[in-house]
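Heads up, the thing below is written out as structure tokens.
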Amino acid sequence: MASYLLRRLLIAIPSLLGISLILFTVLAMAPGDPFSEMATNPNVPPEVREALRASFGLNDPIMVRYLRWLTSMMQGDWGFSFASRINVDTLILQRVPTTLFVVGTSQILALLIALPVGIYAATRPYSVFDQIANTLAFVGFSLPTFFTGLLFILVFSVALDWFPFVYRSDIAATGWRWYWEMFRQAIMPIMVLGLFQAASYTRYVRSAVLDVIRLDYVTTARAKGLSERKVTLRHITRNALIPVVTLVALQMPAVFGGAIVTEQIFRIPGIGSLLIDAILANDTPVIMAVTFVFACLVVIFNLIADLLYGWLDPRISFS
Amino acid sequence: MKDHDLRRLIEGVKTGALSRRSFIKKAAAVGLAAPFANQLLGFNGVAMAQNATIEYKPTKAGGGGPLKILLWQAPTLLNPHFASGTKDQIASRIFFEPLAGWDKEGNLIPQLAAETPSKANGGLSADGKTVTWKLKQGVKWHDGKPFTADDVVFTWEYAKDPATAAYTTGSYKDIKVEKVDDYTVKVIFPEPTPFWADPFVGVAGQILPKHHFAEYIGAKSRDAPANLKPVGTGPYKFVDFKPGDILTGERFTEYHVKNQPHFDTLEVKGGGDAVSAARAVLQTGEFDYAWNLQVEDEVLKRMETGGRGKISAVPSGDIEFIILNTTDPWTEVDGERSSIKTKHPTLTDPKVREAINLLIDRDSIQKFIYGRGGVATASFVNEPKMFKSQKLKYEFSVDKANKILDEAGYKRGADGIREKDGKKLKYVYQTSINAPRQKTQAIIKQACQRAGIELELKSVTASVFFSSDVANPDTYTKLYVDIEMYTTTQPQPDPERFLNQFTSWEIANKENKWLGRNVSRYSDPAADEAFKAAQKELDPAKRAALLIKVNEIFCEAHVILPLLSRTRVAASVHNLVHDHSGWDVDTWNLAAWYRS
Amino acid sequence: MAGSTLASPSAEPVVVAAKTSAAVSPGRETWRRFRRHRLAMASSVVLALLVLGVVIGPWLWPIAINEIDFSAQLQTPSWAHPFGTDDLGQDILARMIYGGRISLAVGLAAMVVATFVGVVVGAVAGMSRRYADSFLMWVTDLFLSLPQLPLLLLVIYLFREQLKAAFGVEGGVFVLIVIVIGGLRWMPVARLVRAQFMSLREKEFVEAARAQGATRFRQMVHHILPNALGPVIVAATIEVSSAIIAESTLSFLGLGFPPDIPTWGRLLFDAKDHLDSAPHWALFPGAAIFLTVLSINFIGDGLRDALDPRRVI
Amino acid sequence: MTTPPILSVSNLTTSFRVEGLWKPVVRNVSFDIAPKETLAVVGESGSGKSVTALSIMRLTPSGNSRIEGSIKLSGQELLTLPDADMRKIRGNDIAMIFQEPMTSLNPVLTIGFQIAEALILHRNLSRSAAEAETIRLLEKVRIPAAKSRFHEYPHRFSGGMRQRVMIAMALACKPKLLIADEPTTALDVTIQAQILELIKLLQEEEGMSVLFITHDMGVVAEIADRTVVMYNGEAVETGATEDIFARAHHPYTRSLLSAVPKLGSMTGRRRPMRFPVVDRLTGESDVPTETPDTVEASERPVIEVSNLTTRFEIRSGLLGKVQGRVHAVENVSFSVQAGETLALVGESGCGKSTTGRSVMRLIEPLAGSVLLDGVDVLKLNQHDLREQRKRMQMIFQDPFASLNPRMNVGAAIAEPLLINKLATRSEARDKVAELLRRVGLQPDMASRFPHEFSGGQRQRICIARALAVEPRLIVADESVSALDVSVKAQVINLMLELQARMKLAYLFISHDMAVVERVSHRVAVMYLGEIVEIGPREAIFGNPQHPYTKRLLAAVPIADPTRRHEKNPVSNDEIKSPVRAADYIPPIRQYREVSPGHAVMIWGEEWEKPAVQGIAA
């Protein structure tokens, strides 16, 4: 087990190096620079812009910049944001809790919807319930989130005035009022994301359960005289969940990465909006750090998914 | 109005025969805007009045509750000299103040200065080379330390140091600043400078506390803790800041203006898009104020009706315009396209350019797209009014355009596109991505189609379009297209520096890494000459005439086709009394905002 | 003839296939099973109508797509404008017919690209037992963990001019977008195909082919690939709908077609600010995207059920 | 029958809904099971025997199936019972074990839990009591170290052990009736013998009745008191097992019995023999003859295998170091003459299939040589190997898996011709027609697809495909194991016929000793990758020397109820694994020649254990 872990991590190193090199090259070659806002301002003379580019090292060859980035990254220095002029790690850490809360909750919501619906639909394939659940799932994932988000705002914020649609990371309230405010502001983005995710999760759960339901040991369990409920919960669900759980584990980097569009619409100060802002501002160190963290998470969660799989399924061993 | 008439009037003010206000009125009557009139007075030794642009009614400081501002582009840093974008300047202006700011009419309003320098109070030297500022006394930094001339001198030292990498360095690198006494500083320009109100004024002029930044000058500037925890003299004290998200502040109890500020706490939230920002103020009232609403007026009007807020628009120096490229963007010469060594196959023909100018339905663009967000114009410089050309006029006429093209020998081909000598009137028309611009493109494209000109529309992400990336062909300075449209900013109520984009030495090319400000590549010796003369001319009236000439040369050549003089549009809830200016950032006078 | 037949006692007495119906090929069988999937059949009809609509629409509704008419701004549906007009008074029906061609074509073409790349990579990885597999899977993982947004920017910036020169304005952008969407979405297909190949290459009929002297290529193309296609086809149908949505997201980022080309995604995006006053503007393109995605997904569902003989329909 | 039956099934008809129509799968089946009685339901695939079992448990898929008639358990009608009451019957009064021990246990739950589950449910035991009882049950089914294995997961158990777990689970609540649905089909012979023994033993101890479903007449003869023969959904004959074997009335029963190879029936014959063919309608049987002498003993053998060794490396750890090796084939030598059949026999994991694949070079062997008409196959490059492959062909075990489902039969048969450029397309078409005729199929079937054929027909198609290139050697890897008895007999007859006509050499790989006895000239017994005994068929079956050969033969169920008691209890040993440590050096083996051509490996002490003693010679 330990050696398996170590081996996987060692294999990951060249992967991550490759990813970082590609990312860096892409970002360096990609159009745009961090000083576009000054462009039409005659008060900022061209020499100043040029000097700024030089002082940020933007005029060095790509490889030099990459090596510089790599060495400082190895020393734990994540770089310095062009736009905010602060350390990138500080910037990222500020965003992490909100993202984890909003996207994480929406994932939980998605699972809370998807599991019962998917299982129930699979135990009655092609029944009316199954057909309705299927259709709703398709509706769920064929509507882009920018559209549903806007619809929610128009209905619940503008027309009904139930919820605010600007997310605040600091709510000036304490005690239960804080929780209430938090709930009010978080419910719409969580619903938008959660319902979207639930749609695809439902499909996954349903097909996983359908795969398990016809296996022999389910018949064995029935032959034991177990009730349908127990057969479903104990013998079907557990096995069906194995692929679903790993799927969710592989979704976790996305949880961290945030939901760019939803964060944008509801002004949630998460990682996703940090990334999009950084891209729009060509704030390379931030883009690099966020995407690299993202790549690391993909690698790590791949590993975690494997371990999880082994933990859930006793047949897998890592020796 | 002749020079000597003006002089007579100014004398009248000096002697008290004419009130200041009636002078400005008279000046306005002959087309001179208030700021110019004020400047005239200033140069001629008449002190500027304390001219607050809103009437401040609250009788005590505090008690206003929270003030919530929504910036749809989120501020990312708080050091005013690092602030690259308006969003950051707005945020830093909450905590820091310059010696003086500009109000919406272009008046210079003292903030940390005790008074506006003028010839009369001895602030301005006769040779136009020195300005002496008297500082306000009893001003305290948020940490309780007093504000003195040392801070002003330090700010100059800080910003002029190239290693600091301050965006404001252009305003400071060529001047010298001397401390006369604790509350007096002298700014020395190397040349006579008619427009002196730049260093320590407005956006670029915010004063830093020496005791917080002295250690962090030059290369160490990025490490200053105060970059993220600003200590200034402004009406609100820093509480918390999350870059790209939220900024909070609380009332500074020892603010140097009596009974100000009105609000107890302040919150500046960032992120999202302009439309939903407008919605959060106008429709749901979640926020009190939202800035820079570049949204179709139609949408804003709908939100206003029956909503909770209103729109206010103030004039600014922003101009939306089109460049017709007279060089050839499709042929590469010495490693660059659109080189001045090349000639555009058809756009070099003034008749074609004239025809295109006639195909722009500026009134419809204003009416159906920009609304209160812009005023259709044929002049490149529109504000302050005295710099606006009275001669330039626009017209929309497809028939006239067709006639001109017919006369010039451009015949319609089988595909309906005109051509002459095998050269088709087919152009690529580029702009940045922005809904109103794309609609403008559509309107112009349709009109051109009727005149047998085919336009291919191209739009580039703003962050790419406005970047100075040498390797990128899509930046606006590369001009690798036939027609280009964008907005350029005239940051101060004086167009001199702004008009350097019409000079031959500013032409963007490979040699200057396309950093030159003359994007159109067109040049005219007469324009160069007029511009140089204006730079030295201390007489405001003569100087204005020279600058108007530069403007007219380019617009009459139909190389530059101005479309709209943009306004700054902001939304506020009904009960908020606020004051924003097109010549300074929205928060320039935040201390005076209150809830009625 | 009967005489030449081996009158052997080994001959099997039970006559072949009691169902003496004409030979049923797997394709026919799939079609028969597919037809039983009512939603999939209905979806096929809907999709066919949509395709037909955008193909012959311009003849039935010959109104210029960019006819600006300020007197007819934001009109609700009427006889003159069955789908209403937008804020420049342009006819939404005409724009949708035009944009639908592009949206649907992008969806299909991107699917072809993604599926093709995915199948090739997955097949090569699945067949090779050594380094090629590790390398290709490494590349796949790499692509999966690359952030797509900056990559999109880069690719579009690097290749737009060349493609525009080669294929014309719309053609160039079309090729580019298809490549970008397809090129960044092949990874799941590759993984799927690889897994299929991994299991199929051990199957006895592949071993049988090998025993008969079939080359590796023949094993791949004739034996493994046809049997791996079932799940690939399903994945491909889903790819079509994601590509249509991805195109709308590209429009959202301003990287899609020129703004005057009204793809469904762009129509929806343009309409979003007028959702409260002119809901029809968003409704029709939204419904078109939705219907397309929904019907393609159902068709994929039906295909999956039809191609999987384990499923009882 | 004086005592009332435990289970009384009358007029059972079970139908499934197919495309909206009800299709009966079991028709009017009636039988009784007396207390402590073992009733076998025997039939070929598709005869409805498993559906009958599921119908008794009411486990047929709800909604898509319908059960009619009457099923009475101790007089209580089950078909009208509410679901909740039926659940009390399942696992409690009637228990069931299934064919596939590998898939019948839930892989993510410990076996202890799965057994205890039924105890807690039906006997209201506490957790700890259930655990104690479970361990007792595990011991009862002879699972070694039962206590420590309580918390283990099913994948840690071999197939035989899992079937024991299933039996323990079934016995948990002391059911009145145990339904065993093909419980030994998936197991090796020695393990099958163990399980059958166990069931018999437990039946005596617990005093329960057993409904035993199987397709194997040998197993029936071994275990059943009475037998029901099912054919095409109907019970065609019911009676005491001895009666059925001795005096079958129904023609189908007779055809079935005649097709069953009986171990020992070949004593005194040198050459292989066809199976008798019985008309299913009349029951008339022909008299099988010995095949003509096909072996070309004078010529050079078609294939000479010497010192063939194939190992698979097991890598793990940080750098993928070799941690162990599977010594699948170890120093194996043999040769096959034209017209001769050499049978490779042994249990799963003994390396017989790997030997076949190594000879074909479908797997790269580590060492040794394989001379095919004097050419060393192992030294050929890929191109020459493809050339050479037309001289040797392979027929696989699973006719469902060895035909590409998306290629029609004609194309499948023509493929080797086209690949090897032996024919043009039109020539190939004629050849295909001829081949189909030769294997007893109609030429017009060429345009059909594999799924339209039955298992036997598919195997014929595979044979036709193998014959297309006119090979010298055919490796038949368990080629008839998956077929029903009667079909198996037909396919074997075909193979024997083809051998006679084409002088084919067969390498016949099989675990089925009875079939091997019938078809082979010579036999090689493999154990853990090595040949432990090789010789002429009469010698191996008549005079086995190696203890393993003896054990293997002893375990084969004999399809003759009268000889049931000739056998003694078999050991509880599991089949050993050929996985060795990385540094394992295989010992050098010595062989002793018993009689001309009959060699036996000299065995060591490990074979002298008491458990092995007393095996009937």
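Structure notes:
Labels A, B, C and D are assigned to the chains in the order they are written; within every chain, residues are numbered from 1.
Criterion: a residue touches a chain if its C-beta (ideal position, glycine included) is under 8 Å from a C-beta of that chain, and two chains touch if they have at least 3 such contacts.
Here's who's who by UniProt: A, C = Peptide/nickel transport system permease protein; B = Peptide/nickel transport system substrate-binding protein; D = Glutathione import ATP-binding protein GsiA.
Note that the structure is predicted; figures quoted are calculated from it, not measured.
Distance between Cα centroids is largest for the pairing of subunit C with B. Comparing each chain's Cα centroid with the centroid of every protein Cα atom identifies chain A as the most central.
Chains A-B form the pair joined by the most contacting C-beta pairs.
Measuring from the averaged C-alpha position of subunit A to that of subunit C gives a distance of 25 Å. Measuring from the averaged C-alpha position of subunit B to that of subunit D gives a distance of 89 Å. Once the centre of each chain is set as its mean CA position, subunit B and subunit C turn out to be 49 Å apart. Work out the mean CA point of subunit A and of subunit D, and you get 51 Å between them. Residue numbers of subunit B whose C-beta contacts span two or more other chains: 461, 464, 472, 474. Counting partners per residue, subunit D has no residue that reaches two or more other chains.
Within subunit A, residues 29, 31-32, 158, 279 each touch two or more of the remaining chains.
By the touch criterion given at the top, residues 66, 70, 74, 76-77, 79, 82, 84-86, 162-163, 165, 167-171, 198, 203-204, 222, 227-228, 240, 242-246, 248, 265, 267, 269-273, 276, 279-280, 283-284, 286-287, 461-469, 471-472, 474-477, 486-492, 497-498, 500-501, 512-513, 515-517 of subunit B touch subunit A in their complex.
Listing the residues of subunit C that touch subunit D in their complex gives 4-6, 8-14, 16-17, 19, 23-26, 203-205, 207-215, 218, 222-223, 226-227, 309, 312. Against subunit D, the residues of subunit A that register as touching in their complex are 3-4, 6-7, 10, 215-217, 219-227, 234-235, 238-239, 242, 312-315, 319.
By the touch criterion stated above, subunit C contacts subunit A in their complex at residues 39, 138, 141-142, 144-147, 149-151, 153-154, 157-158, 241, 245, 248-249, 252, 268-269, 272, 275-276, 282, 286, 289-290, 293-294, 297-298, 301, 310. Of all the residues in subunit B, the ones that touch subunit C in their complex are 275, 295-296, 298-299, 302, 364, 367-368, 433, 435, 438-439, 441-443, 445-446, 456-461, 464, 472-474.
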